[in-house]
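Labels run A, B, C and D following the written order; every chain starts at residue 1.
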Amino acid sequence: MENWDGKEGTSAFHVPEWMQIQFADQKQEFNKRPTKIGRRSLSRSISQSSTDSYSSAASYTDSSDDETSPRDKQQKNSKGSSDFCVKNIKQAEFGRREIEIAEQEMPALMALRKRAQGEKPLAGAKIVGCTHITAQTAVLMETLGALGAQCRWAACNIYSTLNEVAAALAESGFPVFAWKGESEDDFWWCIDRCVNVEGWQPNMILDDGGDLTHWIYKKYPNMFKKIKGIVEESVTGVHRLYQLSKAGKLCVPAMNVNDSVTKQKFDNLYCCRESILDGLKRTTDMMFGGKQVVVCGYGEVGKGCCAALKAMGSIVYVTEIDPICALQACMDGFRLVKLNEVIRQVDIVITCTGNKNVVTREHLDRMKNSCIVCNMGHSNTEIDVASLRTPELTWERVRSQVDHVIWPDGKRIVLLAEGRLLNLSCSTVPTFVLSITATTQALALIELYNAPEGRYKQDVYLLPKKMDEYVASLHLPTFDAHLTELTDEQAKYLGLNKNGPFKPNYYRY
Amino acid sequence: MENWDGKEGTSAFHVPEWMQIQFADQKQEFNKRPTKIGRRSLSRSISQSSTDSYSSAASYTDSSDDETSPRDKQQKNSKGSSDFCVKNIKQAEFGRREIEIAEQEMPALMALRKRAQGEKPLAGAKIVGCTHITAQTAVLMETLGALGAQCRWAACNIYSTLNEVAAALAESGFPVFAWKGESEDDFWWCIDRCVNVEGWQPNMILDDGGDLTHWIYKKYPNMFKKIKGIVEESVTGVHRLYQLSKAGKLCVPAMNVNDSVTKQKFDNLYCCRESILDGLKRTTDMMFGGKQVVVCGYGEVGKGCCAALKAMGSIVYVTEIDPICALQACMDGFRLVKLNEVIRQVDIVITCTGNKNVVTREHLDRMKNSCIVCNMGHSNTEIDVASLRTPELTWERVRSQVDHVIWPDGKRIVLLAEGRLLNLSCSTVPTFVLSITATTQALALIELYNAPEGRYKQDVYLLPKKMDEYVASLHLPTFDAHLTELTDEQAKYLGLNKNGPFKPNYYRY
Amino acid sequence: MENWDGKEGTSAFHVPEWMQIQFADQKQEFNKRPTKIGRRSLSRSISQSSTDSYSSAASYTDSSDDETSPRDKQQKNSKGSSDFCVKNIKQAEFGRREIEIAEQEMPALMALRKRAQGEKPLAGAKIVGCTHITAQTAVLMETLGALGAQCRWAACNIYSTLNEVAAALAESGFPVFAWKGESEDDFWWCIDRCVNVEGWQPNMILDDGGDLTHWIYKKYPNMFKKIKGIVEESVTGVHRLYQLSKAGKLCVPAMNVNDSVTKQKFDNLYCCRESILDGLKRTTDMMFGGKQVVVCGYGEVGKGCCAALKAMGSIVYVTEIDPICALQACMDGFRLVKLNEVIRQVDIVITCTGNKNVVTREHLDRMKNSCIVCNMGHSNTEIDVASLRTPELTWERVRSQVDHVIWPDGKRIVLLAEGRLLNLSCSTVPTFVLSITATTQALALIELYNAPEGRYKQDVYLLPKKMDEYVASLHLPTFDAHLTELTDEQAKYLGLNKNGPFKPNYYRY
Amino acid sequence: MENWDGKEGTSAFHVPEWMQIQFADQKQEFNKRPTKIGRRSLSRSISQSSTDSYSSAASYTDSSDDETSPRDKQQKNSKGSSDFCVKNIKQAEFGRREIEIAEQEMPALMALRKRAQGEKPLAGAKIVGCTHITAQTAVLMETLGALGAQCRWAACNIYSTLNEVAAALAESGFPVFAWKGESEDDFWWCIDRCVNVEGWQPNMILDDGGDLTHWIYKKYPNMFKKIKGIVEESVTGVHRLYQLSKAGKLCVPAMNVNDSVTKQKFDNLYCCRESILDGLKRTTDMMFGGKQVVVCGYGEVGKGCCAALKAMGSIVYVTEIDPICALQACMDGFRLVKLNEVIRQVDIVITCTGNKNVVTREHLDRMKNSCIVCNMGHSNTEIDVASLRTPELTWERVRSQVDHVIWPDGKRIVLLAEGRLLNLSCSTVPTFVLSITATTQALALIELYNAPEGRYKQDVYLLPKKMDEYVASLHLPTFDAHLTELTDEQAKYLGLNKNGPFKPNYYRY
């Protein structure tokens, strides 16, 4: 982690007219609307495995009786193009409707389209993308198009593509290569079809998980000569980039959008505050009031989980390794304990550490009957689930994502999502959070594409604070929130530009 | 409402040994466990219509290919009895497992079995029951059996029976007449089979909705000569009893268990605090943070909804007609408004008034795009849904229990559960709440059955406070909660019996 | 307590025009304003001892060099009257200013004056009063005057009179007999001067503590023939009235305003939620975050204390004797323990039980060094302070109301207010709470005075719910709160009068 | 602000044995105890003006009749030394008792003494200090002495010295030059007496406000040749250091302890969460429930104020200039407004921006009657108090720190502390917060003194994260908090040292 110094992009870059934060009362024309679309939304940070399963990614029109591989089909869109590969181009209309609904829920991208499309800041950009293909992604892609970019797109996960949305994108002329249920071979074939094109060479990469970047490094290293930059979304992909950078092998600038303030706070604190309750309810229908809970880890995710459960009347204990976070837990009203101290008495164990084997077989052995165990942290390593695969224990699948593990004496523990991420497996990511991420990605692409020679070197950068602030400002109208503008006198007094950035780099929010 | 004087049962009744509140540390052997069972749980207070639909009452083993009416089948349990009518006696084993899991989640009833079965306080009782038939009900019935009672049972709703559970009860000898998907004729036939038995006449009634009581009044009025009392669970049924009483037609004592303190607080305040979040999430996947919400009504339900949403970062407005509740809303930090003042700006409208037409077409016309409208109150009258059934509006079912109603200009409102109760339609009732209700019912039966001549007249009574306290005490071990016992000196100082009741009748909790 | 049945006054009484709840937007002309006046405010429920000391009742103009007893002075007001006895009539102007400020903070009484002064519902009333004499009381008295009553007034506590206010009242013609620092003989002399008047006989009593009522019973029992009723404010006084009633000696109707909903909720839940923090801060300057606290008793006061401390980041444990309140504590997220279980580890012990010897010497012996012990409950009996008056313990007064009690081994506990009420001794009662009480008193006087023959018998009554609601409605404008009015159709549906009362008597709020 | 890059001290420094974080259960022997001492505690960050007044800094033994200047007195301590100048050496015993009480409240410094005194990491250090002289400072000084340092000390504020504590320090041999009520000439004379000593030259500086540093720069610049570093506590002093650094004039390393994580979180978020309530209560006795409040600024201080007031039932609005903080306010449930939108309706206005003229005369003109205005931000510039000094407005001092400003039409606003910091003027800083600061200062001195050549250059550094974590760990026993230790396997997995630091530099907590 020592090389994660997170250089922040210089804030000296040119702020175009359309990127001014608007202080006047902005009336929102389109409101966010939570609809069924949200249900199918997928987080972008899970491409650590492009084969993770997603319980909620059901496709509405999946008749499932069409077993022909899309690669074997001959399909054309209504304009006669066949530069795409999707499950069924005829589902386009249904997909379009999904996209239209998503547009209403992503006011920031729509505002960006409107504000920047005169200037077309991505004119000439040739973006190759590899992300989950959902209605929200479609709104992003069409925004990039509206700002002047050409795009080619593949899926970053073999299960997560919404076929109707892919069809709608193909229909409106986007070369999309993705369907739900790709084989691994399909997966790489799709990526290859995006980059290996006669007469078209990408100059920007938008990646989620690093597989696309990896493929180009491996197969077409020369392409990097024309590539202006990489925008990477996921923890895994960012980690790979830092390793490349450390090894001196990163040959273009890369933007780490995973660690932007807004993304961190929304994906972690605010989103988990809600999804811990949602995930537990949908799987177990339990009552929170009066329950004793131990939350392992008091980072942003842990803070969100603790706050929510405390508010619902649970009694919450916290474990921590970091004394500063530990002191925060104390001041926020949680008893700081070692897991062993409370393991016999708690009703729920939640891990949010990013660490491994936080809950061991020994802990599991000591839990009381009916204890619920789940993971809200980074990967599936926090609970030592492997240790439960022993002959004396019986596993009983009682519901989707819910297993009872039964000890010889009859004691059961309730294991959720087999120790994988509860919020991804058993609840949904609100469109509002996806909107923040997609807007951040769009701005990162714009910044890297337009940055003057020399602003960015062959290194990994955080989004300039100015842009982080801009993303936030684009989402304020959703809440009918009215920002105050500094007077000239005040700006001078504070030594700030009236349009920001408003905080020093080390500010903690 | 003026006749709802809620006479409280006398607290002078004999407190048997097993009904002492235990102050010693009680180690809980069985823990509540939220499992899939909860999913299928049904509230008891909805029998206003015995034909309400229940989205979540899926049966696990329903092959659905068996179209023969149970009334036409010849079935016997393993002991050779055919005094029952269920869908399929062969599902008994699966149902038994469900009951066993529920037993673990209902420690109070299990404790009651253990404590009272020596004394058999229901020896000689012949109870006819009409309730939802779920695993939780089965635990109640088998508890009544263990305490000495004979039981015959029908379903109070034509959709809510869990066939496996009914089978398991039939297999172990309970005359059960119920299946999922009864016709109305079946419904009354089943009830009749419970009461119209050669050589057996009920002396106690346990009703949920009043249909059983109604049937006996209508068909077998003479039966009341032997009946010692009625225990009624639902708002509707209780209302009918008060009407009977007012009209001088109530010919046996009746116990209103709907208005007991524990039931009210758990069904309303604590349960709604959780289910409002759950119901909204499951239907819309919305994010609560920053949302503007108006809650109509600040009774127990409204208080629960407001507290939960405030805790999740929503901005909550309240409407009220009662100045005292209004002042409470103010002191709790909610702006008290008229609905008109905020209707244009809110993201969510929630009704909890028990009143009718609280949300009118005029309000609906003025809501902003994507506004969510739902009902947590008493019946389906709070939102004037009928007013939305007009030609210029388009209804679009976007998900189970979720409709978009679309105005000619494209504005959509998101209507949940067609204005019926959100918590019943779109979330689940935790087993813990059902446990409180079932325990209360059991104690009410015991009290009425054992009450000496003259303690209860032909009137409607609230559960004696002592018993309400006893129900609460039976549930404390679930939370590893340790009650303090008064010393003799303190009891004398306060003028209280050490075993309660601890509060005057008018105490508000 | 069994005789505290709390008959609620009939709600069938005539509701005059001015007493309609106003639903139209009421613009507040006078705002509540927290000023120094609040500082000197005194609770009304402490007259259990008319010699309790009040730390905060400092008089602003007390030169203290005038040692002459007021009884020996010859004073006249500017109109030439000498029918009063106060410290110094010349302080009237300063007192008038205090009253004017208080008027701004008591909008409900001012509204009552305005609405009812045409009708003069107290015309002919001759009220003798015995309460704390503060600016707030002055606003009440002048309101009674404006509504047509004649008043004579004495103090219910020998220390609590604000001399300037008494002077201002005397100057404007009220026969007031009170000063700060009366002897006990003075105390009864003042009361006697109020009732023993040539040519004037009271027909209404407003009492706080029961001393005035007691005096009339003892000295002038015949006066009761003309007295229409007693309004009593304090727990102690109400208790005395119930005893009289039980003994068959109550010879006029009495109104218990202590147990009205608004008073209970404001004096207990809402007021204590704030004053526990205030009292602890002013005495100890402690930080709440991370502190472990045990709160004994989870009634309204305990609920308020627990909620406040939890919100400030304390870890709160609760003890209870009542299983229902205990279950509420669990659902609200507090561990329910016996005091012994946590006594060694907690930083603060707070009693709110109304019981005696809740904290014993044994508990005190086991507390850790620096543990803070205080009482928010009913009287000074909850902590066994007497047990600390033993030779081996050293008492050290470290600040006003703060004692260190030091064990031989050096351990100190921090005892606040010597176990008396923390909120009265170490913080202040907000004017808003006093306003609610004073308005309730005024309405109770109006109701008793105007009640038709036979409505009230020689018994103790609670304020009719309708009036409780009316008091609440008068305070809503302070919060710019807008009440919703039932439509005719809704009122009919609910079976309610549009002006209330809105709830059945047993409603718990 | 651009030069505030806040270089973090290298974390590669040697971690001595005594500085290991202890993971074993540490039993606390001395508990923090909030006592009257806290009352007199003063923040360290106010030396922007060494002449600020402090309402709460009352001295207990101040007879005030001794008018002789300490500079004119001949005093010796019991060992015969006269190398000090205090008000009255005879008050030493009283001061010693205060110090002993403070020791119990500062367990971290006491632990540091115990752990490090064998190693004496400050042996040879000659520290000159200039801070508030309070019991807490005395504990710090005596800790520095126990670790091997020689100290000479002056006051950083002419009013804040506690004479008894200064006497106690002088008595036990510390050359202290300070008394309450110094003239400006005295102030500099005292500082000079600390540094201008025959045969003694400081090699470390501990400053609070920068006056001492300034004096040495001005008078004895050559001294810097021997000085190993400066530890600066205050915002003002740190600002001066960054300016020196920017100008290339900083000639020794300096440690900015103002921006350490623990100090920031405790001084701002956690401390303000409590002191906003305390400050408002002590000055106005207002009730928080139902009040409408606008908080200007949603940084750490604003977050603390908002959370506290929301928890007490206030309705809180927020203004912000920074879109990221604005979005946080939304997600936390506060309406984001411009001040103008709500200024007419709010009951309280609180500034926490660090900006100037946030509340202008125009705003003040529009506030409603009785509106309370106060400042929790950085300096006294946030409210344009000067604009209220006009002839048509009347000022009325109604209580210490409370002014009514009265408009010609009678409207009053309630201005607290004349717009200076509410928490410093009207409440107190808990000893626990002072303990964190003092411990941080001690560690910063140790680090700078022992750092090998070259680790620190002539620049301003933040405390190494490792030390910030160590300070936090020393305070955990106060809360009986038990830290979890990484296993070797886990540390390897995370790439962390088991003793920390545990987070990357940019981590936001």
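Following the convention adopted for this analysis, a residue touches a chain if its C-beta (ideal position, glycine included) is under 8 Å from a C-beta of that chain, and two chains touch if they have at least 3 such contacts.
Here the structure is a predicted model, which means the values were calculated and not measured.
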item	value
Of B-D and A-D, whichever chain pair has more C-beta contact pairs	A-D
Farthest-lying chain, centroid of Cα atoms versus that of chain B	D
Chain centre separation in whole Å, for chain D relative to chain A (CA means)	40
Rounded Å distance, chain B centre to chain D centre (Cα mean)	57
Chain A residues counted as touching two or more neighbouring chains	270, 289-290, 312-313, 330-331, 335, 479, 481
Chain-level touch network, classified as line, ring, star, complete or other	complete
Contact footprint of chain C on chain A as seen in their complex	289-290, 310, 312-315, 330-335
Contact set on chain A toward chain B in their complex	30-36, 38-39, 41, 104, 270-271, 273-274, 277-278, 281-282, 284-290, 292, 308, 311-313, 345, 347, 368-370, 372, 398-399, 402, 404, 412, 414, 427-428, 430-433, 478-481
Interfacial residue positions of chain A with respect to chain D in the complex	1-2, 4-6, 21, 259, 261-262, 264-266, 270, 319-331, 335-339, 341, 354-358, 381, 462, 468-470, 472-473, 475-476, 479, 481-487, 489-490, 493-496, 500, 502-506, 508-509
